[in-house]
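Each of the two complexes below includes chain A, the first together with chain B, the second together with chain C.
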Partner chain A sequence: MGLMEAGRAAQAGTVESMDCLVTISPDAERRRIEISGSGVSRFRATMEQKINQVLDKLGSSENIEISVQDNGAVDVVLGARVEAAYLRFKGVIDA
Partner chain B sequence: MRRTMLYLPGNNPNMLLRGHLFGADGLILDLEDAVPRSEKSSARILVREVLKNRDFDWCEVTVRINGLDTELWRDDLAAVVPYGIHGVRVPKVETPQMLKDIDDALSSLESMASVPVGTTKVFCLLETALGIWNAYDIALASRRVTAIIPGGEDLAADLRTSRSKEGTELEWARRMMIVAARAAGVDALDTAFPRVGDEEGLRRETEFTKQLGFDGKSVIHPNQIPIVHEIYDPTEAEIESAKKIVQAARDAAARGLGAISVDGRMVDLPVARRAEYTLERAGIITGRGR
Partner chain C sequence: MALNAVKRDIPSNIEGYGSTDGKLFGGAFARKPEGCRAGAAIRSRGPNDGGKFLGSIRDAIAASGLASGMTISFHHHLRNGDFIVNQVLDECAKAGIRDLTIFPTALFDVHRALIPHIQSGVIRRIMGSVNGPIGQLVSEGELAAPVVLRSHGGRPRAVISGDVRIDVAFIAAPTADIGGNMSGRAGKSACGSLGYAFTDAEYADCVVALTDNLQHYPIAPISIPGIYVDFVVQVGSIGDPDGIVSGTTRVTRDPLRLLIARHASKLIEASPFFQDGLSFQTGAGGIPLAVTAFMKEAMKRRHVRGGFGLGGITGYFVDLLKEGMLKKLMDVQSFDREAVESISSDPRHIEISADWYANPWNCGAAVNQLDVVILGATEVDMDFNANVNTESDGALLHGIGGHQDTAAGAKLTIIAQPLLRGRIPCVVDRVHTVTTPGEVIDAIVTEFGVTINPRRKNLIDACKEAKGKDAVHLVPLDELAERARRMSGPMAPVRQKDRVVGVVEWRDGTVIDVVRQIFPENISS
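== the complex of A and B ==
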């Protein structure tokens, strides 16, 4: 299993219970976050904060769209999935 | 106490977050066989974050890393050692030299993370004929080794056989594990019972391996935990008898006596030790294990 080519859409996670599926792809203008799932209306702000925190820590400055399909992931899981998806997007880890 | 150690797939948040609620004595966060090759890095990140941020109550927490024959094991260790795990479960250990390599890597990571060197214990999975043959030397190869565990499926394959319902093919390896573990002063833990729905089979196998001398068993499903605990937990009668024996042995030692009699039965040192072990398993006294 090789590394993904950097800059192509990349995914991490699943749609299973307590998990989320994170997809990262290039965006024309800015960092854009899209979240869908049952708990989004209540937790959108904290989820966005966590996503931004993880990407900032990884030094991300690209214009990317982060799409999250949530199925009850706690922040620890969300953070791990965003990190894995971003490192795959950058071609740093396998996919 | 290591009656049960529950495997949790390293890429399954549901199990990683809830695994400690099922009452196993220990947890094995699995980065090896439970995780497909394409998910190895993603699982490593998830397991690291769970270890950093979650509390596992009283459970002994270990991580099964990928084998030393892969390019993954050093990154696995680097991801988990800084976060206060009790130990690592190392697959396919075959030689004492492999323990030296693990020991060096652990010491270096512990130093970098300001974890006292030697904190991280090693549970050795002996899954090949060579590993079984070298069990005693492997158990003594590092002070970190705290348990040796015979393989199941992998060992059967290496022995050029398959796993039967009766477990005949693993019997000699299991007996060998006990002798090697006791001689080296480490725990002997049994491999998991693979047929999750077969409660009678699990019960039969656990009774047999407990009788051989195993300290506990790996489990792959929460439903297996109470069955194994029931077999390992001493009965009330066993506890009462053990209390009497331990007390009598202590009194005799204080009075400078050797063998004594309790309820018409001779009690010497081995009997007193066995009674102490019963009380340890009942959680009444603390063990002196490595």
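== the complex of A and C ==
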């Protein structure tokens, strides 16, 4: 898989209850996390920590924007969606 | 600031509400009434005084003497189909009337059309439930005075005791005659019971009936007699029938909710109240309806016949009445077409007022006769206190309904709820808002089993006696809370300002909690 394909936005997840939709796209400056939806008011810090943890484990060092549209996903779901979106972004797995 | 009996810090003076001195919640049954009932202005209409009929809402507003700063009331029997509240406020705005206090028994999504009137100052205060966009607006501090939340029983108590004086009551009537006699049973906008409107009719200084089905004098049967009614207005339509009554409500098919309902049903069956004459209230929610279905099965199996069903009535309760599983229905609000049809045709299906249903300050409301009630909550805490008013972000988005009244009245009060809603735990260390105190809540039922308030030792013993397939799976509260914490992860506190945007009254008029303004960025969409 070449870098050419790695530039495009990739998604994983749904907006069903207890799930989230994760979109990863290139960012000009840094790793940027945007979260909206039901978990944001009370769980933003917990969610950011989980997202960073998953991306670090996958060895991500790119400048990317991770946009999460949350509908009440617990951490294991959020982590799985971030991982899938990132691997799609990298072209490692199919969309 | 002073702590009330559920350890909430209540400001000694709340701007736009007044002093809370002597009005701190002191226990579910602590406050007793004093003095006499309040009363409406005495009016007379003699044989030579002309008729009550007026051609438009605008004429009625003029005739009623409605002026800036007054209090106007509405009932919510037309629910999300209501055309009247918005129209009346539109006409008030056109007439240049401002700073109104609106005193509805509840507001629905359709009333989002009031937002411009809130922003322009036509509406200064809301005493009643707020939800959806109006709730969000209130939570973010857009209303001049705090919303005052009262239960279905607390509201008529406030009127009868004089806490609230209604200047003009606008009562939508699916059927009315030229003398102002009203009924909800017939007409294209039929809604069944008119229970929430009774006290307003008796205690308002001026009563306006609005109907789209004007009949000759007198109609029969009559729910609210015209002796209380000053004016009658004919309008094209008081509401949208599809928003007024729902179609047949179906029991949930969600396995998680069915499991919760099964646990709750087993608890009821094991309780000392499961015997002939059993009375209950379950409302129209998914889990409570499923509990009703399971209870029916258990009643048949054990040859138990119920007494009465109470509250908001659905087709499910009507079926129980028809099959002889219940002897009477006491209906303050008819939820669906089956209920409307039944109250119109079956004398065992009784229309009751909100006062009769739930007021703590009369000589015995119907809730006092209740054996079992199934309720929901957004959160419950380690003291068994329940929150039904605010969401996890602190937004005031729900009314109290009959929650406080039925919990206080029933012998067995059950909160049935999944442990998590999305990621949000429903069992927490401390609820954001106390709506109903733990002293009147007997059990919490989740998918993990039944958690009984340790104060109810007899109930715990009864559950332990149930064996085999009737066994009740008991879970201690701390285990439940720990499970919720593990699943949801660490939660940040709600970010809020000091300003009070909502006052939650206990049904006796004391302040059980306040709701504070939230930051706009709390919006979750």
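Note that in this section the second predicted complex is superposed on the first by the 91 of 95 C-alpha atoms of A that agree within 3 Å, B and C clash if a C-alpha of one lies under 4 Å from a C-alpha of the other, contacts with A are read in each partner's own complex, and residues count from 1 in each chain.
Everything below uses one rule, namely that a residue touches a chain if its C-beta (ideal position, glycine included) is under 8 Å from a C-beta of that chain, and two chains touch if they have at least 3 such contacts.
Given the structure is predicted, the values throughout are model-derived calculations rather than measurements.
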Q. Looking at the overlay on chain A, is there a clash between chain B and chain C, or do the two fit?
A. fit
Q: Scan A:G79 for contacts with chain B and chain C and give back first, second, both or neither.
A: first
Q.
Can you report the vertex angle at chain A, computed from the C-alpha centres of the three chains with chain B and chain C as the arms, to the nearest 10 degrees?
A. 80
Q. So, does A:G37 touch the first partner chain B, the second partner chain C, both, or neither?
A. second
Q. A:F89 contacts which: chain B (first), chain C (second), both, neither?
A. neither
Q: Considering only the touch criterion stated at the top, classify A:A12 as touching first (chain B), second (chain C), both, or neither.
A: first
**Q.** Minimum C-alpha spacing, chains overlaid - chain B and chain C, in Å
**A.** 6
Q.
Can you give me the overlap between the chain B contact set and the chain C contact set on chain A?
A. 17-18, 73-74
Q: Spell out the residues on chain A that touch chain C in their complex, using ranges where they run on.
A: 17-18, 36-46, 70-75
Q) In their shared complex, at which residues does chain A touch chain B? A) 1, 12-13, 16-19, 73-74, 76-77, 79-81, 83-84, 87-88, 93-95
Q) Given the complex with chain A, which residues does chain B contribute to the contact? A) 12-14, 17-18, 37-38, 40-42, 45-46, 48-50, 52-54
Q) What part of chain C is in contact with chain A in the complex they form? A) 392-394, 420-424, 487-492, 494-495, 522, 524-525
